[in-house]
Amino acid sequence: MSPADVSTLAASAAYQTSTGEAVQFWVLGVVAVIGALCTILMRKAVHSALCLAGTMIVLAVFYLANGAYFLGIVQIVVYTGAIMMLFLFVVMLVGVSAADSLQETLKGQRWLAALCGVGFGVLLIAGIANASLRSWNGLGHANANGNPQGLAALIFTKYVFAFELTGALLITAAVGAMVLTHRERVERAKTQREQSQERVRKGVQLPPLPAPGVYARHNAVDVAGLLPDGTPSDLTVMQTLKGRGQIRDVSQEAIADLKALEQRSESRLGRERGEGTGAGAAGREDREGRETTEGATR
Amino acid sequence: MSFPFLTVTAALPAAGAIVTAAVPAARRTAAKWTALLFSIATLALAAVVVVKFDPGGSGPFQLTESHTWIKDFGVSYDLGVDGIGVALLALTALLIPFVILAGWHDADVLEGAEPNRRWRPTQGFFALILAVEAMVILSFEATDVFLFYLLFEAMLIPMYFLIGGFGDRAHAGGDEAAATQRSYAAVKFLLYNLVGGLIMLAAVIGVYVVAGTFSLTDIAHLRASGDLSMATSTERWLFLGFFFAFAVKAPLWPVHTWLPNAMGESTAPVAVLITAVVDKVGTFAMLRFCLQLFPEASKWATPVILVLALISIVYGALLAVGQRDIKRLIAYASISHFGFIIMGIFAMTSQGQSGATLYMVNHGISTAALMLVAGFLISRRGSRLISDYGGVQKVAPVLAGTFLIGGLATLSLPGLSPFVSEFLVLVGTFSRYPVIGIIATIGIVLAALYVLVLYQRTMTGPVKATVQGMPDLKVRELVVVAPLIALLIFLGVYPKPLTDIVNPAVHQTMSQVDQTDPHPQLEASR
Amino acid sequence: MDNLIALLIAAPLLGAAVLLCGGRALDRVGHWLGTVLAAASFVIGAVLFVDMLGKGADARTMHQHLFTWVPVAGFKADMGFQLDQLSMTFVLLISGVGTLIHLYSVGYMAHDERRRRFFGYLNLFLAAMLLLVLADNYLLLYMGWEGVGLASYLLIGFWQHKPSAATAAKKAFLVNRVGDMGLSIAIMLMFTTFGTFAFGGVFGAADGASEGKLTAISLMLLLAACGKSAQVPLQSWLGDAMEGPTPVSALIHAATMVTAGVYLITRSSAVFNGAPNAQLVVVVVGAVTLIFGAIVGCAKDDIKKSLAGSTMSQIGYMILAAGLGPIGYVFAIMHLVTHGFFKAGLFLGAGSVMHGMNDEVDMRKYGGLRRYMPVTFVTFGLGYLAIIGFPGLSGFFSKDKIIEAAFAKGGTEGWILGAVTLLGAAITAYYMTRMMLMTFFGEERWRHAETRSPDAPSAEPAAAGRGAHDEPHPHESPWIMTIPMIVLAVGSVGAGAFFGIGNRFLNWLEPVTGHSEGHSPVSAGVVTTATIVLLLVGVGIAYLQYGRRPVPAVAPRGSLLTRAARRDLLQDDFNHVVLVRGGEHLTRSLVYVDHSLVDGVVNGTAASFGGLSGRLRKVQNGYARSYALSMFGGTAVVVAATLLMRAV
Amino acid sequence: MNPVYYLYLASLLFTIGAAGVLIRRNAIVVFMCVELMLNACNLAFVAFSRLHGNLDGQIIAFFTMVVAAAEVVVGLAIIVSMFRARHSASVDDASLMKL
C-alpha cells in the first residue's frame, strides 16, 4: 500500500478512538457524573463516600482507557482501596448515621455557589472548546515498552527530586497526623484512691454507673435506662453514641406499652359487656318466637 | 573625598538618641545630660558647617556627598546644602539644646508614681527629641527626592510619640481628659501629615517616571539641557502632589487644624519642636522642591496659593485673638506667620524669598522664646487658660519681661529680627501683587492685637490669687531664654550674616524659576 | 565730627540697656544714671549744634553710615544717620526737654519702687525718638517710629496693676499700629516707585514720579502721622494715655513723640509738594483736629485730659501748617518747638499740682492754689500766657505765623482755614483760662473734700508714699521738680521772640524745608489784631463763667455738646461699638467656624470612613465556606479575564 | 470520538466538586468533594498526556495522588481532633475566623 494511505490511516487512527471506547465513555461518564452529584447531594456521609468511591472506580477505568495503566491500578488500589476506606473509618468514628441537614444556614450561599459553579464550568468548557485540540497523538509511542516502565524512567530521572520531596511530604504528613490526633498526658495519672476521693469530694455518682438496656430488645447499649418517673437517664449510655445522636429513647415506648395494656383490658371488658347484650338479644328472640308461635297456634 | 560633614552632623544626634535611650532607667539625670551634650556637640558641628559653607561658592549645592543607595530605582544618598539649607540647619541645631533644657523636667517621673524599673519616660523623651533633630537636619541636607520623602515621613513617628506620650500636664479636665485630648491631637497630627505624605509619594513616583532619576542636581541638568520633557498637565499634577504635603506640614489654611491641637496638648518644648523645627521642613521643601522641580507649575499656581496664604495670615490672627488658651493662641499666631512665609516664597521676588527664608529662622527663634516662656508660666500654675492669670508682672517681673519681648518679636517690632523678614516679605509681595501686599499688612495690626491682649490679660492688672507668690524665672530658664532674646535683638539690628548666606541661594532659586524682580516704575519708565 | 551722631542715640540706649537688664543693685543710682546719660546726649547735641553753626547754611547736613542693615537684592536699608537743621532742631528739643523731665522725674517718682525701670523706659524713649529724627531712610525711621510707640506703651502702662492703665497702653499701641501700617505701605510704595526709600533717593526722584503715586505715598504718610500725632480719626488714644505718670505725659504726649507726625510730613516735604490733593487732606485733618481737640479741652474736668485735648488742638495747628506746604513748614516746626516748651511746662505744672493734692486730677476739687504753690503758679501761668498766644510770648509768634499762613493759602480755602485757626485761638484762650481759674483762683474747694478712694481713675501709687488720702494740704514741690518747670517757663516766654524776631528760625530751617512767602489777602497787622481780640473774647467768656461765679464741685449736666465733648465727642463709643464689639463677634464666629466647619469636614470624613469599614467588616463572617465562595468567584473572574485576553 | 471529551468530563466533575465544597457543611463530605476535584484534575492530566503523547501528564497525576494521600491523612486527623474538641464535624462551627 502507498505511504499516503499509511499516512491517512495513521491520521484517522490519530483523530478517532475506537467506537468501543466511545460507548464506554458515554456510559461510564454518565455514571461518574451521577456519582459525583450523589456525592454532594446525599444526606449521609457514608452514602457520599460510597458514591465517591464509585466515581473513582469509573475514573480508574478511564485511566486505563487512556493508556495510563499504572495510574488506573493505583487509582483503584490506593485511592479507592486505601484513601476512601480511610474516609469511611473517620465517618464511622464520627458517626455513620449522622445525617446533616441540607438546608442552608448562610444566606444566599447556595445560590451563589450554584451560580459560580455553573459559570465556572461554562468557562472551563468554553476554554477547552476554543482551545484548538483537534489533533492528538496517542500514547502508543510513549508506552512502547510498557507504561509503568515509562513512568519509572521519568520518575527516577527527570522527576527524581520531586519524587524524593513527595516522600518527605508523606513522612511529614504521617507525623503530622500523629501529632494532631495524639493527646499529650500533662499530669500523672490519678490513682484509684485519688479518683475515689475526688468523686466523694465532688459528690457525683459514687456507685458504678447504672446499666443501659432496660426493656432490652437487642444488644441494647444504645437504649438509656429509665428513671422511676419514666424519663431516660444519661448516665446509662455512652457519650459517643449520644454525640452521634444514636441513642434510642424508649421512655415513650414504656408509656405506649401502658396505653396498649389499658386498651387491651378495655377491650377485654368490652367483650364481657358484649356477651351480656348477646344474651338479652337471645331472650328477646325466643320471647318473640314464643309470641309468633303463640300467634300461630291461635 | 573630603570629610562628610553633613552626614556626621545628622548622625551625631541620631547616635545621641540611641545612647540616651540606652541609659538605664534609674539614671534619669544622666540621660538628660547625655542628650544635652549631644545636642550641643551637634550645634558645634553645625557651626563648623556654616563656617565651611562658602556663600559665594559655585554650583547649587556645597559639601555634597553622593552614594548610590538603591541602584535599580536610581535612589541615591545625596547630600548637599545651599544657603537656605545651611540657615535652617543652623536654626535647628541651635534650637534643640534650648528645647532640651526647657523640657528638663517635663518628662520626670511624677511624685507618687510607683517605681518601675522598666519605665523610662525621661530617656524616651530626650531620645525622641534627638531623633527628630537628626531627621530634620538630614532632610535639610537631602538633595535626593526619595531620601527627602523618606525623612519627611519618618520624622512623623517620633513626633507622634512626643505629642501623644508626653502631653502637657497642665490640663483643665484632669488627667483622663488630658490623655484623651492628647491622643486625639497626636492621631490628628499623624493622619493629616500621613495623608499629605501619601499624596506626595504618588508625586515622587511620578517624578521618577518622568525624569528617570530622584537626584535634584540631575533633574536640574536635564531641565537645563532641555532633555526633561514634562507635559504641562503632568507637571501641574506633580506640583500639586508635592505642594499639598508641604501645605499640610506648613500648615496652610484650610489644612491647618492639626496644629492648634498638637501645640496645645504637647508640652511647650515639643510645641516649639513642632512649629519652629518640623514645620519649617514644609516651607523649606516648597522652596527647594516645588519651585526647583516644577517652576512652570509654581508660577501657574501662584495666585491661588497667595490667596490661601493671605487667608492664613488674617484668619490665623483673628482666631488667635479669639483664643482662651495660651498655647492655642500661639499656635494660631504661628499659622498666621506661616501664611507670611508661604506668601513670601510664592511672591517670586528675591525680597520675598529672602524674607521668607529669614522669616523661617526668625520665627523659629521668636516662637521658641515666646512659647518656652509661656511654658514656664504654665508649668508654674498648671493651667493653660489665660483667664487663670493676671498681674504676673508684679510677682515675676523677669518672666513678664521676657514674655513681653517674645510677644513683641511675634508682632515683629522693628529692632527685633522678625521685623526684617516680615517687612521683606511684604515688600516682595507688594512689588508684584500690591493689593495682596496691602491686605497682608492688616496682619501687622492684628498681631499687635493678640499679643498685647494676651500680655494684658496674663501679666498686667491686679495680682490674682492664683498667681500670688509665683516664683520668677530660675537660672535654667534664664539660660534658655536669654540667648534667644539676645539673638532676636542681634539679628534684628544686624541680619547681614544671615542675608549674606541666604541671598545667593535665593538668587539661584529665582533663576531656576527664571523670574526677575519687577523694576521700580521710575527706572522702568526711564 | 559726623561720627558723634551715633553717640546721640548710643548714650540713652546704653542707659536703657543697663537700667533694664541691671538688677536691683542699680536701684539707688539708676535714676541718676539715666538722667546723666540723657544730659550727655544733650551735650553732644549742643556740640554738634555749635559745629553746625560754624558751617555754611548749605553745608550743614552731616551723614554717618554705620553699616548696611538689610542688604537684599535691590532692597538696601542702611543703618545710617543724617543730621541737618531739621533734625538738629528736634535733637536739641528732645534731649533738652528730655533731660529736664528726667530731672523732674527724679523727684516725682521718688517713692515708686520701680523707678529704675521707669528711667530705663525714659532712656529707651529718648533713644528711639532720636533714631526717628536722625534716620537717613524711611525704614530706619520706621524703626524709631515703632520704638517710640513701644516706649510710650511701656510708660503709659507703667502702673500695670491698674487695668485702666494697661488698657490705655494697649489702646495707644494698637491705634499707633494702624498708623504704622500706613507708614509701611508708604515705604513699600516708595520702594516700588523709586527703588529706594532713602531720603536722598526718594526726594531726588520725587519730581519724576506721577502725581498719583505721590498722592498715594503722601496719604499713607499722613495716616502714619495721624496715628502718632493723635489727629482725627486716630486721636482717641491720647486722652487715655494720660493714665501714664505725668512726666511721661509731658515728655512723650506733649513735647516730643506726638509731634513726630509733623516731623514726618515736614521731612517728606518733597513728596507732599508734588501732591496738592494730599496736602489738602492734610490741611483738613489739621483743621478738624484743631477744633476737635479744643472742644474736648473745654469740657474735661480732668486737668491732664484737658491738657491732652489742648495738645491735640495745638498739633492740629502744626499739621495744618505743614499741610500748607512751603508757606507753612517752618512755622509748623517753630510752633512745635515753642509748644514743646510751654506744653511740657504746663504738664509739669499740672503734675506738681497733683503732687501737692494727693494726685487729685479733678480741677473741680482744686481752687485757690496760687497761695500754696507759688512757683508752680508762676510757671504754669507763664505757660498759660504762652499757649493762648499772649503778645510777646512764644505762642504768640508761632501761632500768629500759622494763622497768617492759613490766610495766605489764598482763595476760599484760605479764608476758611484762617477762620478756623482764629476760632481755635479763641477756644484755646477759653479753655486755658478756665483751667487757670479753676486751679489757682476761686475758693479752696479742696478743703473738707471727701476722702478720695484710692482706686479712683488715675490714682498714682507713687502717692502711696506721700501721705494718707485724707484732706489734702497743698505744698510746693521740691526744687528738683521746680527747676525744670522754671527752665521751661523761661523757654516758653523767650523762645518765640528769639526765633521769630529777624526770622532766625526761618533762615535756619529754610535750606531743609524750603520756604515761600504767600501773600495773604489780609495784612499781618489785621491778623494779629484779630487774634488778640479773639483771645481776649475767649478769656473774657471764661472769666465770666468761672471767675465770677463759684465753680460747682460736681460737674453740671451741661449742654449736649459738653456732654459729648466729655466723652471725647463719642469717638470712643463709636470705636467700641463698631470695632471692639464687631471684632469680638467676628473672632467668636470664626473660632466656631474653625472648629465646626474646617475641622468638621475632616472629622466627618473620618467618621464616614469608620462607618463604611464597620459595614465592610460584616463580610468577614468567619465561615470558611463563604471565604471559599469568594475565592471560587475570584478564580472564575480570573479565568474569564484570561480567556477574554486570549480571545482579544 | 476525541479524547477532548475526557476534558469536558473532568471540568464537569471539577465544577461539581467545587460546588460541593461550597454547599456542604460536613467537613468529611467537604473533604470528599476536594478529592473529587483532585480526581477531576487527574483525569484531565491523563487525557492531556494522551493528547500530547508523552507521560509527563501521568507523572503529574501520580504526584497529585501522593499529595492527595498526604493531604487526606492530615485533613482527616484535623477533622478527628476537631470532632473531639466539639462534638460536631460541621465546618460552620469553626467560625472563629472573624473580626
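Which chain is which? They are A, B, C and D, in the order written, and residues in each are numbered from 1.
As a convention for this text, a contact is a pair of C-beta atoms (placed from the backbone, for glycine too) under 8 Å apart; a residue touches a chain by one contact, two chains touch by 3 or more.
Source: prediction; values computed, not measured.
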Pair sharing more residue contacts (C-beta pairs) when A-D is set against A-C: A-D
Separation of mean Cα positions, subunit D and subunit B [Å, integer]: 63
Chain centre separation in whole Å, for subunit B relative to subunit A (CA means): 76
Inter-chain centre distance, subunit A versus subunit D - centres from mean C-alpha coordinates, in Å: 18
For subunit A paired with subunit C, centre-to-centre distance based on mean C-alpha positions, whole Å: 107
Residues of subunit A whose C-beta touches two or more other chains: 106, 109, 112-113, 116-117, 120, 124
For subunit B, residues that touch 2 or more chains besides their own: none
Contacts with 2+ other chains: residues of subunit D: 18, 22-23, 25, 92
All pairs of touching chains, each written as two labels joined by a dash: A-C, A-D, B-C, C-D
Complex contact set, residues of subunit A against subunit D: 15-17, 21-22, 25, 29, 32-33, 36-37, 39-40, 45, 48-49, 52, 55-56, 59, 62-63, 66-68, 70-71, 74-75, 78-79, 82-83, 86-87, 90-91, 93-94, 98, 100, 104-106, 109-110, 112-114, 116-118, 120-121, 124-125, 128, 133-134, 136-143, 147, 150-151, 154-155, 158-159, 162-163, 166, 169-170, 172-174, 176-178, 180-181, 243
Residues of subunit C touching subunit D in the complex: 617, 620-625, 627-629, 632
In the complex, subunit D residues that touch subunit A: 1-9, 11-20, 22-26, 28-29, 31-33, 35-36, 39, 42-43, 46-47, 49-56, 58-59, 61-63, 65-74, 76-81, 83, 87, 89-90, 92
In the complex with subunit C, residue positions of subunit B that touch it: 191-192, 253-254, 256-257, 315, 318-319, 321-323, 350-351, 354-355, 391, 393-394, 401, 408, 413-415, 419-420, 423-424, 426-428, 430-431, 434, 437-438, 441-442, 444-445, 448-449, 452-453, 456, 459-463, 493-496, 499-500, 503, 506-507, 517-523, 525
Residue ranges of subunit C in contact with subunit B within the complex: 20, 67-75, 79, 139, 142-143, 145-147, 150, 153, 157, 160-163, 165-167, 169-170, 173-174, 177-178, 180-181, 184-185, 187-189, 191-196, 205, 208-210, 213, 583, 586-588, 590-591, 594, 598-599, 602, 606
